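Next come two complexes, and both contain chain A; in the first it sits with chain B, in the second with chain C.
Our next item is the complex of A and B:
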């Protein structure tokens, strides 16, 4: 019975605290400001989740109401009746119209549109811009992070390779951290799912994709605010590589399994009505597998970022002393979970890719069972 | 009268939660029964959970887009 007392106390205290926390916004003139704040936070989160044309770390609103952006611009590369290359500082963070060789471009929701000299953007009834869009090959924030991760991985693993060659296969320094991970991927992911015979062919891809996703997920948790693996274009590209590898390296038995799953166990007139349903499902399955890969990674990272940013946003909504510790505590706990999720999603992507490669490299050993 | 989307999202989360919870619970039972098969059970559990999660996310996107 005694143990219920602290819980009751906690409950009463939390009621009291929530009463004081919600007391402020009921004042009538605070209402409008509250709504603005909420839309501002929503816009801020939305902006963070998108790729952007400049690497802005944060912005300060100065005393005269002007916003000062801290960060650096990135190159914009457009194809619109010829190649156009200019710095994204011309957009002034979406506030100004950029003029390049007599053409005018403007940013709207992180996308570049072609406009007239005054920068008018017309919208349809769903609030989508109807202006012409040039082909955009810009080095955006996400592309910069992909380059950096690629460079980091190249330097890291190239250095490890030379270190292994010099020390006679004994790990040194950071190699002691990475060796068990590489061995785990080889023994428990590649060999376990693909088999002794063919696993070597897939190892480069599995290791690359694992470390690439893991590093980018971890970069997403740093205050640089990059969201690369939470970008559906990036995960789609990764899933397409898995899709191509699966189908281009598929064995004869893999294709036979797709188009003749019942084999010799049935005469053709028995197979015919079944195959009308079975073969379309099998063909659909080829595409659903990589599709689920891309959706899973994208949605997990996107959801994690939204949750952390919303919890930080709570601090500004509560506007009382309870807000900061509550928001900090929750954001801290979710960040810890996100560190786990960053590793888990890289593992799942690698694992399922290996599983699909395993399907593609199956050989006749199952045929004897029929 | 239309049912709000958020109800659909809630139903999806309930379904996914029950599904993944069942997988996790039964994996624990299996590990308790055969601790030496820990690695294999964990791998199978994660794959099954990831597949359910994928469907759940696809459904969540469908509720958001519809």
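Our next item is the complex of A and C:
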């Protein structure tokens, strides 16, 4: 708790900086300003939850009403009749049209659209842009965070591995903190759910996914943190790995259980009408399991970010000596809970993945077990 | 749901999949295998060390039992030896006593025999002396038979008195 407090303080300060910037133009017209502040905070939250093409730390609205963004641009990689690579600074945070090799691109709600030279974007009745979307493989903020987390994990656990070699099988430094967690994942997640015989081949995935989700969740709670695990593309990618591992390592028993769940307990003519319903449910189950994984992680992290940012935003909307401290207290309490949730969600994802691997790799006597 | 699909970023999905799978493979080679290997090795080491300690304890117990048994045997042997020695001593004493007694008896008998023969010899000597004396007396008596009959008698009587004194 002690070490996270300064981080929270930074978080609050950073938002305070940007939010006071929003507050400035409201001085002229209080009523309209109040409304502006609310919509601006909503937009700010929405923007934060999405991936972005530049690494913005915070933005300040200057005296003349112009927004100043503090951060650095990231490379944009597009596939649109050939590879196009350019810096995201060309977009000017969505305010300008980027011209690359005779094609024009514009940012709209964190997505890149192909436009004409003036940057017109047409919308349909549901307010969806109808412009053509080039294939976007940009190194976004999220990708940078994923890469940094991967790098951190690599250095951390490589260090732990070499400390064993140097120090006679005894961990040193930060490894003393991480070793019990590694052992917990091995003993209480992998061995408990998969079994002593087959757990080994799943260990690299389980350990990596646990620390990956946990670290990214924790980074998401830091002031400049990025909502990576609250992005559905990321959780989908993780869940697909679980899905593939489950079904590619599935044993004969696993598949037999899917397509013949009742086994020898019933004659074939008895099973036939049941299987018309049972087998589609079982097949659906294969996909529902990883789908629940991806939605759970996405929704939890997304919701956490929305709640914390909304509560911090409330401080500036209330502007009263009761409301602001109250929402500060609430935001602080929710932050503490979010630290727990960060760990919990990593644990749940790993635990359920291990459980599914356990189903896939089980080998037992059917007649006896069912 | 539509919003979710709309928001789904293919680029991020691509990079996430690529980086994550790369990370799993890298960590498997450089971190998880060495870490789990080292931990396993350590656990095996602890297990074998414990087993060795248990063995050593058993060995120790065996050794103690053995030495105790040896001690017991030694004690019993000592006891037996002492007993034997005592018996030998007793027997020796008894034997020597008997021997001494026999020897004593033999000596006593010899002495008695010697005394008896001495006595016989003495008696024989006395007898011969008495005979000589009688002969001498008879001689004297015959020599002095001339002086008086009564003198002769008196002499005989004196002589006889002498003999009685002897």
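Note that the second predicted complex is superposed on the first by the 332 of 370 C-alpha atoms of A that agree within 3 Å, B and C clash if a C-alpha of one lies under 4 Å from a C-alpha of the other, contacts with A are read in each partner's own complex, and residues count from 1 in each chain.
Methods note: a contact is a pair of C-beta atoms (placed from the backbone, for glycine too) under 8 Å apart; a residue touches a chain by one contact, two chains touch by 3 or more.
Not measured: the values here are computed from a predicted model.
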{"item": "First (chain B), second (chain C), both or neither touched by A:285", "value": "neither"}
{"item": "Which superposed partner A:329 touches (first chain B, second chain C, both, neither)", "value": "neither"}
{"item": "First (chain B), second (chain C), both or neither touched by A:348", "value": "first"}
{"item": "Which superposed partner A:188 touches (first chain B, second chain C, both, neither)", "value": "first"}
{"item": "First (chain B), second (chain C), both or neither touched by A:179", "value": "second"}
{"item": "Touch count on chain A, higher of chain B and chain C", "value": "C"}
{"item": "Touching partner for A:270 - first (chain B), second (chain C), both, neither", "value": "neither"}
{"item": "First, second, both or neither for A:46, with chain B first and chain C second", "value": "neither"}
{"item": "Residue numbers on chain B that touch chain A, as the complex places them", "value": "39, 43, 46-47, 50-51, 53-55, 57-58, 60-61"}
{"item": "Touching residues (chain side chain A, partner chain C) in the complex", "value": "50-51, 77, 128, 135-140, 142-143, 146-147, 150, 153-154, 157-158, 160-162, 164-165, 169-170, 179, 182-183, 186, 203-205, 207-209, 212, 231-234, 236-238, 240-241"}
{"item": "For the chain C and chain A complex, residues of the former touching the latter", "value": "4, 6-17, 19-28, 30-36, 38-39, 41-42, 45"}
{"item": "Residues on chain A engaged by chain B in the complex (per definition of touch)", "value": "188, 192, 292-293, 295-296, 299-300, 344, 347-348, 351-352, 355"}
